[in-house]
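A single structure is presented below for examination.
For clarity, chains are labelled A, B, C and D in written order, and residue numbers in each chain start from 1.
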C-alpha cells in the first residue's frame, strides 16, 4: 500500500451533509461522542479509509480478533429536528507523519466534498494537564459568523492561545481554502484517560447546535463503565508504553549474528 | 535504491503454502523459532528483500564479514505429517518509518500471494517488562474460526489489550483486505535479551498446530548457548546504544570548519 | 495536498526586488522585524504558500478564529531612499522534515527568482541560552563582498562556529547554486521568549544597510506589549508542550477497543 | 530541490579507481584522514553532491562565509608506488533519514561505478565511550579475501558485535549486490571530540595497505591544532545542542498570534 485509499461500501445520496470528524485524540473525547451518536441514531457505515501513514501495527480487540488501523465513514439521513444529512468519521488512529496527515486529511476532504459537504464539525479534547471539576466546552471556528453562532450556543471561544494539533485542526485548516466552513468543539480533559465527562459536555453542546436528540443518559452509563475500566486501562497503557520503547529500529541494534 | 526490491534466487512451485513471518522483534522470539525450523527441516532460501526503508547501516558478522540489511524467504515442500508447503520469512531488520513498513509488508504480501498463500502465521514476543516464570503463548487472529482453532491448541487469546506493533501485526492487518487469514503467536518475554525460553514455547505451539515434527532439544542447546552469550550480548547492546546516540544528524551539529 | 503550492493573489511587477525572509525561529526575532516593516511601510500581500510539510495543525487566533499554517509574501515598491522594490516573506511556521524544508525553500526561491531577485536578506535570532545585556547583531554572508559590506555597517561576522538551522540558513545555501547572493542577520537572544530587543537591533541594522526609514519607536511600543505578555505566553507555551506530549502516534497506544 | 544531484565540475578519465569514502562521523576520524590525503597528495575536486535529505541548514565558515551542506568528490591519478587512480569522497554532512541515506549512497555508487570502481575503502571511527590509550584500527570487509588482506596488514577484524551505521556501512552494504568489494577501517575513539589520534592510526593503516606515501607528521601538527581547539569546540558544540533544542517544529508551538 503506497497511497491512502478509501473503499466505498455502499452507494449513498446525501443532501449537503454536515461532516463530523471525531478521530482519536486527547482523552478520546471526540471519538466517544461520535461513537455514541452513531450507536444511538443508528448511522450506517458506507466507506473505510486505509493509509500507509497510519502507525505500522494492528489492534487486538475482543477475543483476540485483529483490527487493522482504519478510519470509517458513517452516514445519517434526515436526522434530528432539522432533517439534515450527516457524514460521521471515526477510526482507531490518525496519520503519523506531517506529510501523512496532510495526505489523509486531504483525501478525507476530497471524499466528503463529493457529497456536497459545506459545514464541518471537528470534535476533540483540550488537555488541561490537571483535574477538571466542571468541563467547559471551548470552540474555534473558520469564520466570525460561526464564532458568533457558537457563542450563542454557550460555547466559549478559545482566545489566541496555541493550536489544534492533528486531524481536528488540519481538516478545518485545509477546508478554508476549499471554501468550506467549520468549527472545532473541544471538551476540557485532564488528558490522562478516556474521558466520558468531557465527551458528555461536547455531546450536549453539539446536539444543541445541530438540533439532534440523543439520549445523554446512555453516555452516562458508558461513562460509568469507562470509569471502571480506567484502572485496568491505565495498567495496559503503561504496558503499551513499556513495550513500545522497543521500536523496530532500536530493536535492530540488539541484533546478534 | 529507491524502492523495495525482492530478488528471486530460485524458481519454485508451491501448493497453497503456509506463510510464516518471523522478522526480528522483542526478544528475537519469532526469529529464533523460524531459524530453528529452517535449520532442522533444511528449508531452502529462494528470495531476498532489500529496502531503502531499512536502517541505513550494515551488520558485522563472524570474522568481520559485512552483512547487508535484508529479509530472506525460505521454502519447505511437503513438510510434516500434513505434507504442506511453507514459505518462511526471516531477516536481520524491519522497516524504520511507518510508510516504509507499509511499503515493505505490502511487497511481502504481493510476493507470497503469487505462490497461493491463504494462511499466515506471524511469530513474535510479548514484552512483559519483568521476569517470566512460565512462558505463556498468547494468540491473536483475523477470524473467529482461527481464534477457536488456537484455543483448541491451548493458545490463550489476548483480550482487547493493545496492539501488535511492526511486521507481525501489520502483515496480518494488510492480509485481511486481501482475503487472507492468519494468526499471530506471541511468547511472553521480559524483552531485555534474546529469549530462547519464549522461542521454545512458541515453537512447541506452532509445530503442534501445523503437525510439524521439529527437535525441540536442539533449541534447548541453542538456548543454553544463547544464555551464555547474554552477559556478553548485554554489554554489546549497551555499546550499540552508546554509539547510536551519535546519529548522523546530531553529529553534524559538531562540525567545525 | 501532496505538494507545496504558492497561490498568487495579485499580479505585480517588480524590478530586481530585494528578498527578505523572516519565518518564525528562535525568539521570533526575524518575524517581529518583518511584521513591523510590513506594517510601517504598508507592504501588500500578494501570495501565500501552503505545504504538506508544515506541522499538521492550525493556530487559534483572536476570538477563536482558526488560522491555517502558511507563509505569506508581501511586496514594497520604490521603498526608502534607494527607491528599491522588496519581497518580504513571513509566516506562522516552517517545514518539519529535512526533505520538506528543502522542498519549501526551493519553491520559495523558484517563486522569487521569477521577479528578478538578486539579493537576499534572511533574519533570525542567535540563541545564547542566557540573558543578553546588549544585543549584538551577527552576520553571515554568501560572499566576501557581502561580508565586507556587513562589517562596514557594523555587523560583526560570525566566525566558524556552527550552523544556521532552518529556512534562514537553507534559503541562502540553496541560493548559492542559483547565483544569488545574500546575508543572514542574527540578533542575539536568550531564545526563551518573543524577543523585541533582539528584533529592534536587527531592525536598526537592516534599515541602515537598506537605507529604509522605519519608525523604531513603534517597535519599542510593541516590545513593551510583548514584554507584558511574556508571563502569560510562558504559561501558554508550557500548556502547549504538555499537550503536545500526546502526539497522535503515542495517543494510539492508549486505544481501548 | 527534490532529488539528490551530482554536479560534475571536470571531465576526468580514471582507470579502475579505488574509492575512498570519508563522510563525517564519530570523532570525524575518516574525514580528517581523507582531508589530509587530499591536501598532501594534491587531489583535485571534480564533482559535488547535494541532497534534500541533508540537514536543512548551512554552516558558517571562516569570516562568516556560508557553506552549503554538500559532499565533494576528489580524484588522484597514478598515486603512490602502485600508480593507482583514486576517487575520494568527503563532505560536511550525511543524509538524515533512512530513505535519504539509501538514496544518497545509491547515487554515490551509481556515480563512482561509471569510473570503473571495483574496490571501496570506507573510513570511520569506532566509539568506545571512554578514553583510548592506544588506538586500535578495526576492520570489516565484504569478503573473506579482503578480511585476510586486512589481517595481513595488522588490522584486527571486528567480531560479530554490532553494526556500522551511516554511509561507511551502507555504501559497502549496497556495493555487495553490485559485485563491488570493499572494507571499512575504523579507528577507536572516545567519540566526544575531533580525534586526530584515531585519524593518524587509520591513515597509517590505509597508506600501508594502499602503498601510498603520505607525511604523517603533518597530521601530527594538525592534531596538535585540533587538540588546542577542543575546549573551544566543546563549548561550541554545547551551544549548538542548546540551540538545536528549539527545532522549527517545536518552535511553532510557541506561536502567539
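Going forward, a residue touches a chain if its C-beta (ideal position, glycine included) is under 8 Å from a C-beta of that chain, and two chains touch if they have at least 3 such contacts.
Since the model is a prediction, treat every value here as computed from it, not as a measurement.
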Task: Same-site or different-site touching of subunit A by its copy subunit B, using the half cut - done: different
Open item on the list: Quick check for the class: compute each chain's Cα centroid; which one is farthest from the centroid of subunit D?
Closed with: A
- [ ] Can you check how far apart subunit A and subunit D are, centre to centre, with Cα atoms defining each centre and the answer in Å?
- [x] 48
Open item on the list: On a C-alpha centroid basis, what's the spacing between subunit C and subunit D, in Å?
Closed with: 34
Task: Multi-partner residues of subunit D (at least 2 other chains) - done: 55, 57, 59-62, 67, 69, 96-97, 160, 162-163, 236, 240, 244, 252-253, 255-257
TODO: Please give the residue numbers of subunit A that touch subunit B in the complex, ascending.
DONE: 1-2, 7, 50, 52-69, 96-97, 100, 236, 239-240, 242-244, 246-249, 251-257
Task: Interfacial residue positions of subunit D with respect to subunit B in the complex - done: 24-26, 28, 55, 57, 59-62, 67, 69, 92-99, 101-103, 105-106, 126-127, 129, 138-144, 147, 150, 157-167, 169-170, 172-174, 176-177, 184, 191, 194, 229, 233, 236-237, 240-241, 244
